[in-house]
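See the structures that follow.
Here chain A shows up in two complexes: once beside chain B, once beside chain C.
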Partner chain A sequence: MVSTVLRRVSARAEPLLPIADDELILGWRNSEWTGIAPFLEEDVAFSSIAQNEIGHARAIYQLVAEELGTTADELAFDRKPEDYRCSPFVELRLVPDWAKTIARHCLYEDADQRRIQELIEADDPEVAGLAAKIDREEVYHRMHAQMWFERLEDEPQFQEALEELRPLVDQRGEHLPEFEHLWQEMTEVRRSVAGATW
Partner chain B sequence: MSAREDEFLEYVQSGGQVETTDWMPDDYRAKLIKFIEMHGNSELMGVLPEREWILRAPTLQRKLALTAKVQDEVGHSQLIYRVVSDLGKPREHCLDDLISGKSKFHNVFHYPTKTWGDVGVIAWLVDAAAIISQKALLKCSYAPYARIMKKICWEESFHILHGRDVILTMMNGTDAQRELVQEALDRWWGPLMQFHGNPIPAEDDPMYIWRIKSQGNGEARQQFLDGYVPQIWELGLTVSDPKLRKNDDGVWEFSEPDWDELKHVVTGHGPKTEERLGLRRTTRGETEWVRRVVLPEAA
Partner chain C sequence: MIYEVFRQERKGQAFAHAGSVEAPNEEFAEWYAREEFGRRGESVALWVVPREAVHEIDEFVDELGRNYHRVDGYPLKEKLKQARERAGTSADRRS
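Take a look at the complex of A and B:
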């Protein structure tokens, strides 16, 4: 278990872990749409977005893991639920509500753009380089979110979803009750055979 | 059969290919739609047994690979339904017939996936069985279908590599992991042997007669056994069929697959048929409003 290590993360890891955790968990949530989205095209699109997000999480974990003497997989899977720093906003289980899913997608991409920009401007060249690389993919997520925003903006249920979710964007702290279930599922195989390689 | 139909039959049987705008007999068109639609349905239903494991994949690499694989399957169904649509049956009708149980999908997608071992066995062996059928479609008499099959076979070959790697890693792991693989193989062997269908002679198979397929079912099964049983044995796994052996003439001998089970399963009575179609019905219902908003014709 890497929990003990993580209680004292480095100054460099401090702002990065919440981002990686958000990307991992949102990637996880987005992949829940696989096979059941309103259009086959959206199955494919959300799957791409999920893969990018999980890829970003992995890249950030790798950077942090080198400092903490652990691995990206251990950071992603072997922490206790309370050690994850993702926001409740990304933990929400929204399938099969498309209005809320798109609302979160729009709000998240917007907030994510701001914090990635801060990293791009950071003094740490390795972090800035990685952030720039991540941002190149996020551009497409933002275009996808924007396209859906324009399609749904006149729909009352979409507006309601935006109103409901907007206050949660910057919330941090306590995990939602459903995070425990997500964690159980996410780590199920890994926990099933102790010390195994998969 | 009219003279024109005879001529058409002779044309496809001598290796000729047909384009969407060419004249074709009604029976040929109907057979094409039925066959290709079932393929599209299978790609789409094949997503469901694996999607649950995207969420449980035990490393980031596996999660990415499995997500990409499942994404490929949806992409295949998208391409395939496009071909069906050009033949005269729109995608939305295909999806309606799928969830109402009117149309069929492959037997292997009616079964549960119990462990991560199943995920490996599906990606390796189910996809291997499928690629054998799909490679035989590269010569399909309907050219648009044959063309998309090139892309599909290319992607499927990566799935097999992914599956083999999942299996290899587990076989090189702990006893508990090896057991997971063996148990999964035992569960899947029956459905795998049924996968290529009844051993009706190719010349009696309407799909072969029209050269929609270029090989018979029994031939495909032999190819599967020949390609994969040696690999299965080499990994230290056993196949739960005491009769399985390769004869001196190179032909594989095996216990008769359970054809009653196959029939029962593909007619909508598999262990997971109802649950999976139910999930598709529910989510299709819950996202109906999105299609109404976005597609003017659905309004």
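Take a look at the complex of A and C:
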């Protein structure tokens, strides 16, 4: 079982799992904008960023899965809610508040950049290599976040959103109540059909 | 603002119109163009141009019907046949 495996989380997985979980859950949250983003071009762009984040989660899960004697799918979908290590910051359901969504996007990309940079400098060449690869995509996410920041920085609604969310960036710990519903939805297929793949 | 996007499929090829994107400024337009016309490896380069920068011309005056200015106004087939007959190298005689 995955949960027992996670109790002896490897040295490699220890710092990587929270990152992968953050990317998976944020990707999930951002994808909730698909079809309802403020305008068509942004819908495509933001959905694509969400997809990238989930792709990064997948790559990291794959890297640690072998060591943990499991698979990327099992890590992503077969754990109990309490075994996910994502931060409450990415769990927040922000639809339909675009200002807050962009505020989180900006704050997250900023924090994520520092975290990825540390991984790029890691001694483990596989980790460093993957981090460098992920960062090449993140460059475009940061550009996107920066463009939106410049566009909204004078809006009081956006400034309030930044103030409200900033203290949550580095918070870890208890899941938010709304994580339960996300988990239910995200794991529904695998819970109905064990080992389902696409 | 509407931006027209042109894409080049392979190096050295002519750019062809790919579509348009709506964006608040040039930076967003480039980002959206990359996302919609370049992300899947379908282009090696893009031109992103504000629609106002494109000058459309759709009037081509030809009052005197000088059809020899046009590619379809100068059929070569008949002239070539006559020339071959004069030179005695027509397809009939060679066969």
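To be clear about the criterion, the second predicted complex is superposed on the first by the 192 of 198 C-alpha atoms of A that agree within 3 Å, B and C clash if a C-alpha of one lies under 4 Å from a C-alpha of the other, contacts with A are read in each partner's own complex, and residues count from 1 in each chain.
Here is the rule we go by: contacts are C-beta pairs under 8 Å (C-beta built on N, C-alpha and C of every residue); 3 or more make two chains touch, one makes a residue touch a chain.
Model, not experiment: these values are computed from the prediction.
**Q** In the superposed model, which partner reaches more residues of chain A, chain B or chain C?
**A** Here the partner covering more residues of chain A is B.
**Q** Output check: A:Glu41 vs chain B and chain C. Expected answer is one of first, second, both, neither. What do you get?
**A** Touch status of A:Glu41: both partners.
**Q** Applying the document's definition of touch, where does A:Ala50 land relative to chain B and chain C: first, second, both, or neither?
**A** first
**Q** May I ask you to decide whether A:Arg115 touches chain B, chain C, both, or neither, giving the answer as first, second, both or neither?
**A** Neither partner.
**Q** On the A-aligned overlay, A:Met143 touches which partner chain: chain B = first, chain C = second, or both, or neither?
**A** The answer is second: A:Met143 touches chain C but not chain B.
**Q** Once the structures are superposed on A, label A:Arg12 by its partner contacts, choosing first (chain B), second (chain C), both or neither.
**A** Once the two structures are laid over each other on A, A:Arg12 reaches no partner at all.
**Q** With both complexes overlaid on chain A, does A:Leu152 touch chain B (first), chain C (second), both or neither?
**A** first
**Q** Using the touch definition from the top, say if A:Ser31 reaches chain B (first), chain C (second), both or neither.
**A** The answer is first: A:Ser31 touches chain B but not chain C.
**Q** Identify the overlap between the chain B-contacting and the chain C-contacting residues of chain A.
**A** Touching chain B in the first complex and chain C in the second, residues 39-41, 44, 48, 151 of chain A appear in both lists.
**Q** Which of the residues in chain B end up touching chain A in this complex?
**A** Residues 44, 47-48, 51, 54-60, 62-64, 67-68, 70-71, 74-75, 77-78, 81, 91, 115-116, 166, 169-170, 172-174, 176-177, 180, 279-280, 282-283, 286-287, 289-291, 293-294 of chain B touch chain A in their complex.
**Q** Would you tell me which residues of chain A are touching chain C in their complex?
**A** The touching residues are 39-42, 44-45, 48, 140, 143-144, 147, 151.
**Q** In their shared complex, at which residues does chain C touch chain A?
**A** 21-24, 27-28, 31-32, 34-36, 39
**Q** Under the stated contact criterion, what part of chain A meets chain B in this complex?
**A** 28, 31-32, 34-41, 43-44, 47-48, 50-51, 54-55, 57-58, 61, 72-73, 76-77, 95-98, 151-152, 155, 157, 185-186, 188-190, 192-193, 195-198
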